[in-house]
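You will see two complexes here that share chain A, one where it goes with chain B and one where it goes with chain C.
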Partner chain A sequence: MKTMLTFEVFLDSLIFSNLITLMAIGLTLTYLTLKIPNFAHGDMATVGAYVVLTISRTFSLNPYLSFPLAFLTAGALSLLSYLLVYRPLSRRNANIVVLMVASIALEIIIRSSLHVYADIMSSVQKTYYRGLTYYAIKGFKEEPLRLGPHKVPVVTLTSTLTAIGITVALYLFLTRTKFGIAMRASIENPNLASTLGINVNKVYAASWFIAGGLAGLSGAFLPFRIPTSPELGWELLLKTFAASTLGGLESIFGAVIGGYAIGFAEIMGISMLSSPPFNLSTSYRPAIPIVVLIATLLIVPKGLTSIDVGKLVRRRGKSEG
Partner chain B sequence: MLAIKDLKAGYGKLQVLYGTSFEVREKEILAVVGPNGSGKSTLLKAIFGLATIHGGKVTFNGEDITGLPPHERAKKGLAYLPQVGNTFERLSVYENLKMAGYTLDEDELKDRLEEVLSFLPYIVPFLNRKVWSLSGGERQMVAMAMALMRRAQILMIDEPTAALAPKVVSRLLKKITELRDVLGKGIILVEQNAKRALEVSDRALLLVAGQQVFLGSPQELLSDPELARMYLGVK
Partner chain C sequence: MRVKSYVPLLKLAPILAWFAALFLITKDPVRFFIDLASFYSFYLMLSISLNLEYGCTGIPNFGKVMFFAGGAFVTGALTARLIAPLAGVSGMFLAHYKLYNVIVGTQVSAFFSHRVDVAMATFVLMLVLAAAVGAALGWAASYPAIRLREDYLAMTLIVTGELLRIIARNYDPLICGTIGVSVPDPFYWLSGLPHDLLRTSIMLAIAFSTWALVDALAKSPFGRMIRAIRENELAAESFGKDVIKVRMKVLMVGSAIAGVAGALYAFYSGTVQADDFMPIKTFVVWVMVILGGAGNNKGAALGALTYLALDRTIVLLKGYVSAPFDINNLSYVALGVALILVLMYKPEGLIPEKPFISGTSRRRSRTSDQENP
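Let's look at the complex of A and B:
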């Protein structure tokens, strides 16, 4: 039997996991601050994708040059959503349902605005602004890297380095800097943090900016592989929720684990299931992360980060002894 | 230093305290005792701005602070150590202390850390441990260290000995008396274990159903057979 888990499938899984991880880190950050499932988070990724696409197409630039702008724009939009919608509602003691519905409303507004934007750009640039990848940018070409007999797309390397770099940077920020520790403190106990002179509002605002920025950055990578569409982020949202929840929802490093688990499970899973002897249709693909999520939560209800690895090792040692 | 005048407080419309007045000076421990539900914890919360004030006045160093938010009161030198939630459990002890000195610059923070750790050397061995992994007594020490990092003049400590082993209780109460004797702090100590609290305090306040029943010396309170028997469980 010919296995379908090829090196190419592994590379595809890696790219997809990198992007889901960046989004899941952001989603977890917003959940940690206000305890709301932020339905508008996926649209920050779409905003990032469109920022890069617009600049690159308009000025015929290498897409990577506008990545920082994708981070800043999506971060600023996320910050505005916190300052203008979620914080006022939270101060009025809105419960989780109200906040969640507000995030759904905001999601619809942003996604609709992106449709309007795509239509305007289609008429201005005389190009249909949907279904485009960066390879439609004039003069942009990317030769794959060679790794023995394999061709490795450059985006595999750049997205992996970005995901690793962001995770390490975030770890150092949260554990080594005063503001980062204040962020963890404010998330855990905002009342105590404010009595110590920490400006909890400022800390939360920074969290929302970073969260949106990371989604924007993730979205900026998408048009290397997936054609742009105003629906792009919305379609990724469920997988992002699955990744965050799998990681335990309250742990940023859990989101990293969840992101890779969901990403690899989806791509490798569908590759296997669509090959003999299963021969399933690839339209089952969106179901995979959800099945993985449900199965994992049935065994570990608080997510993967709640597993006490030390305890498991000790128990194993005892049983072997 | 801290003066409370006819303080009435509660939670929203619900009134729990019905007018209490006292003063706390530096180098003094005031024990607040009374049966369950008598308003002891509410009194501390009201002084720190965490409960609804229905009337009365809180003055600190001559300034009326009745309407100030908790963080402003903290800046002025008041520290409130609730029974739970007085530390960041997912942070290490060192990070907790760093957060307690959040408003200080690096040099000042270093000096304060040295000062606090020399007063509470017990916490040095577990500076890098997460607070959730510590025992109840150790956590109280960390909370105390955090208050000292802020150089609070008045510490309001809510049931610090709850659920602790007798040996740990003795060590903790000894440290509380050292806060008074060595560092000159004023302390309001709310305790369920009235006998132990009265042993270390200079004055005592007895609250019953939100009413101030007694304010005076601990000896006086203990020598009143009716009060001692009815409300303090002392025979």
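Let's look at the complex of A and C:
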């Protein structure tokens, strides 16, 4: 029984949750602006992963050096998709289903292009561009940190610091800067905000850029743990949906809670279910976030952040008294 | 008035010409035609059913592939196993079905070759079962989210579809996991060209009767009600319509149709593989409906034909052109771009939805015209 929840499983869950959280923050940001789930969000992560992978592979660089580029590329792609597809469509009064269909179309375009890219690159550079981790890159080695008897991969530390840093920075940005407050105002009430002289278009464009960039950044961490493939982002997206929905879809801090809940539920859950007495196959792992999503919709469809804890406590107090 | 009714036929002309050209360059025209007709029958059923759900009612069914898969899975899982005792297949093979499913399938097919009655009864039974499974999945998958906004429903359906695929891939008793299961051929009592012709014409007949059925449904009072729900949910509700119940009913009907299409697909390809049912299949059906014109069955049928023209061209091209990448991916890029362009510049599609005026209301409006000239 002791093998179920080891320190290693905890570290694994932590890394995974960091990545899901970064994705979920971005997804929630795009959801807030257009009120549609952006099905192409996962592919921004794949783009980020491939940007870093290509650069490190070609120039034998340390992957961390090209992380900013992953942020910028995925952010630019996300911004372009907003400017060229979503904004024109929503100006034509397209309904939410049409916008969702458009985002699925974009998802297919990006994913299929990445497949083509991976095929071409592997024939040009005569190496594999699928199923690759950073450790396969020549000249890249990373000694795990030592923490007592345990080995801690460096990526655990970097991804945790990034997730915490981004959350704090976003909090400060949204509450302390003028642009951040304008962003919140535009999301809350676009008409009123534009009456007060806020350029709502600019604000929305900025949030799409940030959202895509965060996805790209979380994607750049992926090849440390998971072999890269063009399907990676899509697989991650389904988990991100679960995280965002659990967090309430409309709250960035809900996304953080949802991200960690889903990440830990998936990794710890499968390591529990795959050991006795359940002995389930570990390939059921992707089913866990899906089950959490369905349970969320049945029990608290508005997400965890919609639960009024104060009210619950008060009601209990009253019934006792 | 008369000229107008020929317009859809005119739009058909370029696609038919395209098919004629493909027909000429292909090496085996008969095979090409039979393949085309068979694929058209599944795609027609899928696009017609999505049109009922999205085009007429406004339900964003992003999980179409799940119901298609449901029909295929039940056919794959049950056909051979149900008939095996009748066909005298050794119990050892059935006990280790994962290992011996191809042998069981072949033996059952051989049994079908001299028992036409059993073969046809099994075929019909499987179609009915597939419809039932499709409808049940439609109910179960929409239950958590149908009361919420469309985006929750869209996410839930797409995610549940993946859940079904994951289960099918890992739970061996269903369709033998990653290996896939072989499906006996209920038309094994014929062979060669007559076999293919009979099978394909039965499939086409089923597909076209579905079309007729959905057409009738769309023109019935129920059809007017679902359009009213699509246009204004609140107004429909204030007229006493139970919107949630109606949407669920529509999703169950559409999913039953998709289930039958899945069973036909399983019988046609002779095997069922879990990974054949990726979300991209759903996307393809959406392309058909939006390209053709949502809310109009003729449009959905034309959209399916247009997609098939592209798909068959890619299949042919693969034989002639060699590229350093999979051409399929390029065709998906093209489909995605086409879909976005249609949404932006021609959201009504190739054949726009025509307002339907029922017989009684036409008569009524005519008399009121006479009263107030």
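One rule holds in what follows: the second predicted complex is superposed on the first by the 306 of 321 C-alpha atoms of A that agree within 3 Å, B and C clash if a C-alpha of one lies under 4 Å from a C-alpha of the other, contacts with A are read in each partner's own complex, and residues count from 1 in each chain.
The definition used in the following text is that a residue touches a chain if its C-beta (ideal position, glycine included) is under 8 Å from a C-beta of that chain, and two chains touch if they have at least 3 such contacts.
Computed from a predicted model, the values in this text were never measured in an experiment.
K.L.:
Contact-wise, after the overlay, does A:Phe241 reach chain B, chain C, both or neither (first, second, both, neither)?
P.N.:
In the superposition, A:Phe241 touches chain C alone.
K.L.:
In the three-chain superposition, say which chain, chain B or chain C, touches more residues of chain A.
P.N.:
C
K.L.:
Looking at A:Pro301, would you say it contacts chain B, chain C, both, or neither? Reply first, second, both or neither.
P.N.:
Second partner only.
K.L.:
Mind working out whether A:Leu293 is in touch with chain B, chain C, both or neither, as first, second, both or neither?
P.N.:
In the superposed model, A:Leu293 contacts chain C only, not chain B.
K.L.:
Would you check which partner chain A:Pro68 touches, where first means chain B only, second means chain C only, and both and neither mean what they say?
P.N.:
neither
K.L.:
Output check: A:Ala185 vs chain B and chain C. Expected answer is one of first, second, both, neither. What do you get?
P.N.:
first
K.L.:
Should A:Val116 be classified as contacting the first partner (chain B), the second (chain C), both, or neither?
P.N.:
second
K.L.:
According to the stated criteria, A:Met100 is in contact with first (chain B), second (chain C), both, or neither; which is it?
P.N.:
second
K.L.:
List the residues of chain A that touch chain B in one complex and chain C in the other.
P.N.:
none
K.L.:
Contact residues on chain A for chain C in the complex?
P.N.:
35-37, 39, 85, 88-89, 92, 94, 96-98, 100-102, 104-106, 108-109, 111-113, 115-116, 119-120, 123, 234, 238, 241-242, 245, 281, 283-284, 286-287, 290-291, 293-294, 297-298, 301
K.L.:
Write out the stretch or stretches of chain C touching chain A in their complex.
P.N.:
Per the stated touch rule, the residues are 54, 58, 60, 62, 144-145, 147-152, 154-156, 158-160, 162-163, 166-167, 169-170, 279-280, 283, 286, 290, 324-326, 329-330, 332-333, 335-337, 339-340, 343-344, 347.
K.L.:
Can you name the residues of chain B that touch chain A in the complex?
P.N.:
So the residues of chain B in touch with chain A come to 48, 50, 70-71, 74-75, 80, 85-91, 95, 98-100, 102-103, 146, 150.
K.L.:
In the complex, go through chain A and note every residue touching chain B.
P.N.:
On the chain A side, the touching residues are 178, 181-182, 184-185, 188-189, 191-198.
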